[in-house]
Each structure stands twice: as C-alpha cells, then as structure tokens.
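Below is a structure I'd like to ask you about.
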Amino acid sequence: MNTALKRFIFFGSLLVLWEVIFQLNIWPKTMFPGPVGVANALVIGFTEGTLIFATLNSLKRLFIGLLFAVILGTLIGVLLAKYKTADETLGSLVTALQTIPSIVWLPLALTWFKFSEGAIIFVVILGGMWPMIMNMRMGFKNVEPILIKAAKTMGSSGFDLFRRVMIPASIPYAITGLRLSWAFSWRALMAGELIGPGPGLGYTLMFSRDLGNMNLVVALMVVIAVIGSIIDNLVFQPTEKKVLTRWGLEKAA
Amino acid sequence: MNTALKRFIFFGSLLVLWEVIFQLNIWPKTMFPGPVGVANALVIGFTEGTLIFATLNSLKRLFIGLLFAVILGTLIGVLLAKYKTADETLGSLVTALQTIPSIVWLPLALTWFKFSEGAIIFVVILGGMWPMIMNMRMGFKNVEPILIKAAKTMGSSGFDLFRRVMIPASIPYAITGLRLSWAFSWRALMAGELIGPGPGLGYTLMFSRDLGNMNLVVALMVVIAVIGSIIDNLVFQPTEKKVLTRWGLEKAA
Amino acid sequence: GCGSDGGGQPSEDGDAETKKITMGYFPNLDHAPAIVGLKKDIFAKHLDGVEIKTEPFPDGNNFMDALNSGNLDIGYVGPGPAISRFMAGNDVVILASAANGATLIVAREGSGIEQVADLSGKSFCTPGIGCTHDVQLEKMMLDIGLTTNRIGGDVIHQKQPPATVEALFESEQMDAAALPEPWGTYLVETANASIIVEWDEVAWGETLPSVVLVSSKAFVEKNPELVKNFLKAHTEAIKFVNENRDDSITAINDTLYELTQKRLPESVLTKSWERMKFTSEVHSEALQEWADASYDLKFIQEPPKLDGLVDTTLIEEISK
Amino acid sequence: MFLSVDGVTKSFPQKGKDAYTVFENLQFEVNEGEFVSILGPSGCGKSTLLHIIGGLDAPTHGHARMNGQPITEPGPDRGFVFQEAALMPWLTVLENVMFGLKSLNKAEARQIAIDHLKLVHLSRFANAYPHELSGGMRQRVSIARALAIDPKVLLMDEPFGALDEQTRMMMHKELQDIWMKTKKTILFITHNIRESILLSDRILLMGTRPGRIIKQFDVRIARPRPANHPEFIQLEADIMQHLEGEITKVMKEELGYEYSA
Amino acid sequence: MFLSVDGVTKSFPQKGKDAYTVFENLQFEVNEGEFVSILGPSGCGKSTLLHIIGGLDAPTHGHARMNGQPITEPGPDRGFVFQEAALMPWLTVLENVMFGLKSLNKAEARQIAIDHLKLVHLSRFANAYPHELSGGMRQRVSIARALAIDPKVLLMDEPFGALDEQTRMMMHKELQDIWMKTKKTILFITHNIRESILLSDRILLMGTRPGRIIKQFDVRIARPRPANHPEFIQLEADIMQHLEGEITKVMKEELGYEYSA
C-alpha cells in the first residue's frame, strides 16, 4: 500500500470520526465545530480571497523569521557545544529565556521595532530559535571525535571543518531541530500577529476567536497544518530519508 | 575559573547592563522595567506569600503535565520510529498538530475536562509533548543498527530491547527533548492557566499584564528562569555530562 | 434575609436546584457590583446555603468558553463577547446590566487630534478588533465618512491591551485610543492625554452597557429561584456601590492588588467613577443598534438578530 | 544436517542501477559439533553470509536453516562475534559481558562475566567503558561476551583480526579447548590461512564477484596441529594458490575498469 | 632528528582511582625517510602513541616533536590511517578520498582519488557509501584517503589488519613502492611480526603495563626480503620470544587479579 493511499485512509477515517462525534452532539457545537462548517469557512475564505492574502502575509513573516531562527540557532548551538564557558553562562541564559512565552516578548518587540513587520519577525525568531539551538548544540556535541580527528589530519579546521564535518554529521539533529522550529515559529507568529499590521493568519485567528467563530479558527489550523504537511513532504522528509539511507540507518526503498 | 564564578560574573554583568539601559531611559519604563522594580516585585510576592503559592501550584501542574508529555512523547516517538505506516499517517498528524498554538486548545480543554486542573494539565501535555516525540523519534531512528543486532543475538527483543538498548542509545536525543519539553511545557502552562482555577504563575502573569504591572511580569519570568536553572543544574546537566563522558564524547573533568 | 424563603432551598420533587454556583467576573472598575458584592458578602447573604465559587477572568473569550462549556453558571462580562457568541449560536442570555457607559476616547498629547474627524491618517487602538469600544468609535467615524485600513480607509487601527497604551503614547507610536474605563482616565491623568469624546458623547454612550450579567438559558431554566436570588443580590450590590463610592473603590483596588500586586491611583478611579453608571437597566435597542453598526462595519457577516439575547423578565419580577 | 545454507542469494538494491548481487545460490552444510572456517578475499560476502545464518539479515532468495527450520530471527542459541566490536557504549566492560546473562541471577552472571573477562585478560578493565579501551581490547570484550552466553553455535566474524600474534595464539588455544569440551558448532571467518588450518575441520574457500564457494578443504591433521606438519604446509600452499587466482582476477578487472561518475 | 618522541608520558584520569598511566617517559627518534614499525601486545599504547605524534591527543608530559618543534596540532603533513576506518558516512567512497584534496581543482582531485581507489581495488565502488562496504573495503578506502594526500609522514595504525593475506601482500608491495619512490617517513603499527620485518628499517618493540619500548631491532636485510632468509627467520624468532614474555606477564597478572566491584 503506498504512502498516499495510507494517508488518504488515515485522514479520511479521522474526518469521518470527527463528523460522527460532531453529529453525536456530545460537546457544544460552538466549541467543537464540525468538518462541514470548517470546510465552509475555508471555501468562503479562499473564494473571497481574505485567507489567501492572510496566508501569504503570514508565510512571508514566518520564512523570514525562520531563516534567522535557524541561522542564529545554529551559530549559538556551535558556540554552546564548542566553548564550555559559553555553555555555562550563555547556555544558562538560553535555558532561562526559552521558557518565556511569546506574549511576554510583545511589549519589548513593540518598544524595539515599533509597529512593523520587524516586531512580528522578532517574536517569530524568539519562538523558533530555541529548538534549533538545543538540537544543534547536542548534534555538535555528538559528532564522533574520530571523524573530527580524521578531518583534521587531512588539513581541515575552523570553518572548513565546521562546514564539511560538524554540519553534515549533525544533520539528524538539525532536521529534528528544523521541524520543531517550524512548529514553534508558527505558534510564535500566531502570538506575534496580535501586534503589528495585519493581515495574517494569527490576526485572523484572534479576530475569529473574539467573534466566537470556531469554524474559522479550526479552518485556520487546517491551513497551517496543510502548509506544514507540504513542507514536511517536500523538504524535511526527503532530506531525512536521504541522510538516514546514506548513513545506513534506514533501508533504501 | 570555576563554573559558579563564571556564571556570577556573566549574570552580574547582565544585571548591571540591564540597570544601565533602564537608567538611560531609552525605552518607556512601563514597557521595559528595571531590575530594582523587578526585585521589589519579587520581594513583595514572596514576603506576602502570593508568589510562593502560585509557584507551588504551577509547579505541581507542570510536573504532572511534563510527566505525561514525556511518557506519551516517548511512546509515540517509538511508534513513529519503528512503524513506517505510523510515521506516514500519525506522523503527518503530529506534524500538523504541533503547530497549533496552546490558546486554540483552550476551548477543547474546557469542554473535555471542565474547569479543573485536568484542563490545564491537558494543555501542558499538548505543549510539552512535541519536542519529546520528535527527538525520541529521531533518537530511535539513529540507534546504530549493529547494536540492535548485537543485542538480538544475545536474546534481547521486544520491551527488553527497548529498555536496554533503544532507550540508552537515544539518551542524547532524550535530554535535548526533555530540555525543550520543559521549556515548552512552561509556555503552555502560561496559556493554560488562563482557564481553570488559580492561583498560578500564568494566572498572575495574565492579570499583571492586563494591569500593566511589568515589574511583576518580569519577576514571574525570573522565578521560572531560576526554577529552570535549578532543574537544569541538578538534572539535565549532570545526566548529559555523565552520558557524554561515558560515551567518550566529552572529556572527563 | 430574602434568600432563605424558598429560592435557595432545594424543592423536594427531584428537580432540585443546584447548591453550587460558579460565578465569573473581571478584575476591573466597571465590575464593581461583582467585586464589591463579593467583598461585602452581598451575594452570600442572598444565596444562603449555596456554595459560591468565583473566578476572575482575563478576557471575554475565555469567559464565554467557560460559560459555553458549562463550567461557569453566571457572571459579568462585556456586551461584545456576549453578542458575538450569541450570534455564533452559544447559549447565552443577558439578565441585566451592571454598568453602562465607561468608554472614553482619548488622544495623545501633541497628536493634534481634537475631534473624531482629526483621526484621518492617524492611528488609534482598542483592546480588541470589533470590541465594544471599537465599534463605538468606528461608528462615529463612519458617520462622518472615515473608515479604517481594515475596510479600505486611511485610519490605522490596532489591537492593544489598554495597559500598554501609555507606553505607545509615550513613544509616539499611537495617536488615539478608545478604551474602557479606568484606562481612559488613567491616560488623561498620568500621560496628559486629551479627551476627544467624553463617555456620554460616545455613540450610545449612556445607554450601552459596559458590563452585563449573563448566564445560559439552560441554567436559568433549571434554577429560576437561584437566579432570582442572584439578581436580588445583584441589585443590592448596585445600590451599595452607588451609595458607597470610596468603599467600593478600596474594595476594587484590594482585589487588583491581590491579583497583580498593583493598585491604580485612587484619584484616577474616583474620576473614572463618574464616567460610568451602575445600573441594572439594559437598553436592548442600544445593543441592537450597536450590533447593526458592527454589521455595517463588516465585523460580522450576517445582519444581527438579537431576539432572545436579553431576558429581563426575572429582574422585572423581583423588582416588583 | 545441523546448519545448512540452502540456495541462498543476497543482493542489495542500488539506486539507478541493477541490484548488486553479493552471492548467488550458495549451498553448503555444517554438521553439529563441526568447526568450519570461511576464507575469502575482502568484500566477497563472508560477513553477509554469516549475518544471514545469524538471522540478522534476510536473504534475497533461499534460506539458511538450523535443524531444517528456516532461520528468520537472531537468537541466543547462535552467539555472534561481529567484525566490529559492537559494544554498548553506555555499559562498562563487565556490564557488556553480562548483557546476555540476564536470565541468571546477578551474582552468578557477574561471576561468569568475570571468568570470561579473565579468559581474554581484561578482568582489570571490568569497570572501564568501551571508549577507554584499545581496538584489540574491545574485540576481546566482544569475544568474551559471545562465549559467556554459552550458545550452541558460535558465529565468529574475524574475531582475532585485531589481536597481536601472541594473544591470538592464546585465544586459539582457548577456543579449541572450549570447542573440544563443549562440542559447539563453530563457523569462523578469517583471512588468516594458517589460523583456518590450525583450527577447523573444514575450510570453505569463497571467491568474489560474484561471491561463491570455490572449493572446500577437509583438514584431517591430528590436533594439536604443528605448523610444520607437511600436510599443513601443503594445504597452506594449495589455499594460497586458489586465493591468489581470485585476487589476480579482481586486480585485472580493476585495471580494466574505467571510472565514470 | 626528523621526528622525535621526547619523554612522553600519557595517563588518563580515572574517577575515584589514580590516573591510569599508559606509558611513561617514552623516548625515541625517527629519521627522515625511515620506515619504522611498532610492535606490541594489545592495549600497550601503540595507538595512543601514534595519536600523540599525529597531534590528535595531547601527552600528559613531554612532547612529540617534528623538526624539533613540539607537535600540538594535526596537520596534512602527517597523513593518518586510523585503526578504525573513520570514513565520513555522508560521503561516497570517492568523496571520502577527495576530502583532503580540496586545494586542488575538482577534476584533478577526482583523478587522484580514482587512481588511489584503483590502488586498493575499489574504483568500482567509488559511488558507494561507507555503510555499503565490507570491513576490509572500508579499511582500504581509509588507506587510499591517506595516501591520496601525499603527506611527508605517514602514520599508519594497523592499516592492513582487516585485509586478507593476498590483498595484504599486494598492499605491502604498493606501500614499499611508494616509500622507495617518494622517500616518505613511515611509522607503522602492526601486530604481524612478519609484516614488520618485511617492510621496515627498524622495529620498536613495546611492552605493556606500563607501556614502554622493550627493544629496538634494525632490519638490515636487502629488499625485497624473502621470508625464508635466515636473518628473517632469526629475527622473527627473537621478536616472538620477547613478545611472549610480555604476554605471559599479563596472563600471570590476570590470573592473580581478583575482581572487586
């Protein structure tokens, strides 16, 4: 049975189950919307174009934020993995900062970046950076010392060593970090779009929650989930599969 | 120079820097509180006891939630790592669900668990579970096949294999997962305490934000950060150090 | 007192009314009847034999979610969430008003805004998008031909928690704000903001509730006596509040302090007190007009029909 | 027929190319209590074959059988010494050797583990972690670990490859003692021709590209076998000659092969 | 004095116990262009010593020196063949061999890499990943990789340990050719006594517990060296005898050692 079919059956059954629970009326319909209402909200949003516009705007913010989160996360990760002093000082700070919810950063984002895209992107970076830092840090720490030694005897050091050994050797950690960064950047974006200029999915989310439009709330989640699935299928999964197969950790198809 | 001293200098300088920036009046004081005000809020909170009570209550919720998050995360992680079908179906669902911000779960938590500790803990579990799932999944996928083979030739299989090979072999991933779970559970708790009965740090956070008491907001973050540091120093760091040293990935002191 | 004669007591016929009630409110000045009523044991007096659980809420969404999922029986909330949730199909009924008025529109010192018309090309913020105060201001703008960037106009609108507005004014990031009390007065007193529209000149100023007492139909139908007793307490609390301003303000500040370690200046609260009217009288037509404006402003997609949202039969009964 | 390899083929799929066939239709048998060595050039498929017999790898066609039953799973009846040491990095040397002894009580398991560590001269390093050992020491722990389980069949993949000649000679002696005493069935991969003659009842000579069994040699010299026994010398020369042919073949192929990306 | 090991001590700290000293105050020299073998029982510190000379491990006391300068860093002037293959798992065989050639242009680097892969008979596997290779093949890639860089000094840690005798003999020939042509300095760890006599100008015999150099043997037999040369046989017997003494010592120690947790 191929992947697409399996997924079709799995998500199809989930959808049916959802509708059945919805019809059973166990929970108030206003709290637990059904698939038809959600589908409806999606159709309206896309035919009227508001959702398209919001999605594009949010995606732009997300990708810019994610890019910085990944770069910063990797750099700080190296720093923490490589220098014990950094790990013991900056590392503690990272441990502390990552527990801070996005909304607490909003006032600071506002003061520093005014009402601008910058403020939102700042919040996204702060949301997505931590998993990348933690995973890259561990990834670098887990590079087999013998590989580093081997590279050094072949004249590799500094940035060359970093690029040609440290980075590829920690790809399994990087992928996990990326996946988590992706998810947590979205979450931060939802909080970040409370400030700054609309439109955006987070903005719409807030708005529809205020108006008690649960159909639209779930519809937004569906949009985010579908985008996530597409990226996962096009980027993360193939990379992961390639790496794991090459390393002999997963059998080739 | 020993660790404590390094940290003292590092955090001391940060504190001084903070006060200097505060005194320079670059940003509005209502958005960017200074260390003295924060310290004051801490002192009041602890002498009057409200913060103590809130902290204990939040910690209780956090630990229960985290416990479930870790167990569930590990189990789902195994499932995804071991069964391709699960990875392709449930895995996609996980990818989708983890992008959903905690606040979207609140109405569902309320419907399912009523106004109770259960609702908050549910949100905490949903917050902390994803990093654990993703890291354990990758951890299990990255166990060297030869070690599994070796264990099998010695009669280990099923749960025994899981317990004695898979789990220890993926400890580096588990630690990273745990650290992230810890952080994201806190974040979820802050959102979750919007519903459900007080007191709690998230509960206090929300009201002091609404009333513009930024001193208390930052004081709460300091409390969380300090708790995080203590746990990190007492649990995560020693475990990590022990593992990395044993595996020869880090030099013994 | 009044509660002991029947209402609070379970009747013997199995259709027993609940002995426990969960009540929600917000730690805010216009929730004075709730806060003071609790502090002065007015509710306890009228609901003799009933266990009262109280829960402060930070925002209307969570309040309505709690009510909707049966976790909350009765409570005080802004009319905005009540209306939008009613239209979204939630089981919610407005039993009485608690306070009317309490919206103030202010501008930053040096913003050059003296009246609503000056907002053109400027920015303002409200605590929510399409919230009570937002619709009030945007309706006034609409009447003179101004719209926000949300629907193609040139006035920039932002959602901002009231507590952050001071800093936004200070850093000149925001020009004006339509806010619930006491935040408007607070800005006037502490940040030199100027009043563009006084509370009673805002659209539906004196008639639109700022806090209503809501419950669910299901709860009211099941516990009519209990609700009646609650309403008795409610009216007594309103009376008390109106007669004891300073006492009430102290009680509110104490509650704020318990939750957030912070007290608002008494002078602000006293001035603010004059910008709202504590009363149980609901003006249904103001609510309907407000909702219609909300539709005109494209906050909601369907023409609002609020029939059945307000049910004043019980309060009328007890006031007889 | 205790162990049999019954028409076993193994090929690995390759992206964009035909599958790479390591060996095709292999056929041989090992009797109970027999000591069989497998000799062959590097890369001919010896390890792959042993993994299949161990149940660690699935054959593409055919079956390895034990007592007539197809082998599909590894099991503690077939002890395995891997070509790489394959020790658990998170366990001490002692714990590694005790890994397969969990059915015994702790004290007993520990005693057995220590006895086997003494056998490989490593009881002093019982509490060391694998990364603190030298390559040869790790390999010896791996041998101790397999012997400690006391399996019916021992599958050993170049177990003594990383040992110095003296230690290796002692291990030869120990292994022979164990084999004579317990009459285990041993399948033993080596590329040391002398070692194979010294230890085994029978030698399977594998060729490469594709992997196959070129020839079998029965070793009928009485034990202990002196290296200067004429039959020993004769056999050594024979095997050497056969293997040389294989290597020359590979070399010729290699020289004629043009790499293209 | 091209390479010298100058009073080098190496000890590893141990938790709760005294540090474990592998060797103390080692002293020897290697001339430019000399081929020196190191022989010794497993665990005596050969790899540790080579790592120190390679600049991969820091000595506890003393210094390894090259041209009189203390060695503190690894560098491409000292090529290293590790006891384990140490290939990058994410690179193909070809890319692994090309790893150290990045200063050259791509086409040139590729040509050199392919030439060296042919040398070890693996050009056919240029596009395979390390996990698709057998143990011996991996080791050969590792050799090709070190030779491709063409370093002044070659530090080889049991490079031919995992090879079958025929391939090993060919590698002996290739290595000797390279050495004669380029006059590299080679430091070569092995536990094959014959190999050491066959290849080297000088043999350092290491003992164990603590590690130290027991004896040095100069090999003065003309190359190519026939294994039946009387001097060869004599030397072999000599070395064997010395090493046996060491092993017996370890064995005796081991028997007298009581394990306590």
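Order as written gives the chain letters A, B, C, D and E; numbering starts at 1 within each chain.
The rule we apply is simple: a residue touches a chain if its C-beta (ideal position, glycine included) is under 8 Å from a C-beta of that chain, and two chains touch if they have at least 3 such contacts.
Since this is a predicted model, take the numbers as computed values, not measurements.
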In contact with subunit B and subunit E alike are the chains A, D
From subunit C, how many touching-chain steps at minimum until you land on subunit D?
-> 2
By number of C-beta pairs in contact, which chain pair leads?
-> A-B
Rigid-body rotation angle, subunit B and subunit A, from Cα fit (steps of 5°) | 180
Inter-centroid spacing, subunit C versus subunit B (mean Cα positions, whole Å) | 36
Separation of mean Cα positions, subunit E and subunit C [Å, integer] | 83
Taking each chain's centre as the mean of its CA atoms, how far is subunit A from subunit E in angstrom?
-> 48
Scan subunit A for residues touching two or more other chains and write them down.
-> 27-28, 31, 107, 110-111, 209, 214, 248
Multi-partner residues of subunit E (each touching 2 or more other chains) | 84, 132
Going through subunit C residue by residue, note those that touch at least 2 other chains and give them in order.
-> 65, 68-69, 164, 167, 171
Interface residues, subunit B side, partner subunit D - complex = 146-147, 149-156, 160, 164-165, 168-169, 171, 243, 246-248
Residue ranges of subunit B touching subunit C (in the complex, touch as defined) = 27-28, 30-31, 41, 44-45, 50, 106-107, 110-111, 114-115, 194-195, 197-198, 204, 206-213, 215-216
What does subunit D use to touch subunit B in their complex?
-> 51, 54-56, 73-76, 78-80, 82, 84, 86-91, 99-100, 102-103, 129-132, 145-146, 149
Can you list the subunit A residues touching subunit B in their complex?
-> 3, 6-7, 9-11, 14, 27-28, 31-32, 85, 88-90, 92-93, 95-104, 107-108, 110-112, 130-131, 134-135, 137-138, 141-142, 144-145, 172-173, 175-176, 179-180, 182-184, 186-187, 190-191, 205, 209, 214, 217, 221, 224-226, 228-229, 232, 244, 248-250
Parts of subunit D lying in touch with subunit E, wherever the complex brings them together = 12, 39-43, 45-48, 83-84, 94, 110, 114, 117-118, 121-124, 126-127, 132-137, 140, 158, 161-168, 170, 191-193, 240, 243-244, 246-247, 250-251, 253-255, 257, 259, 261
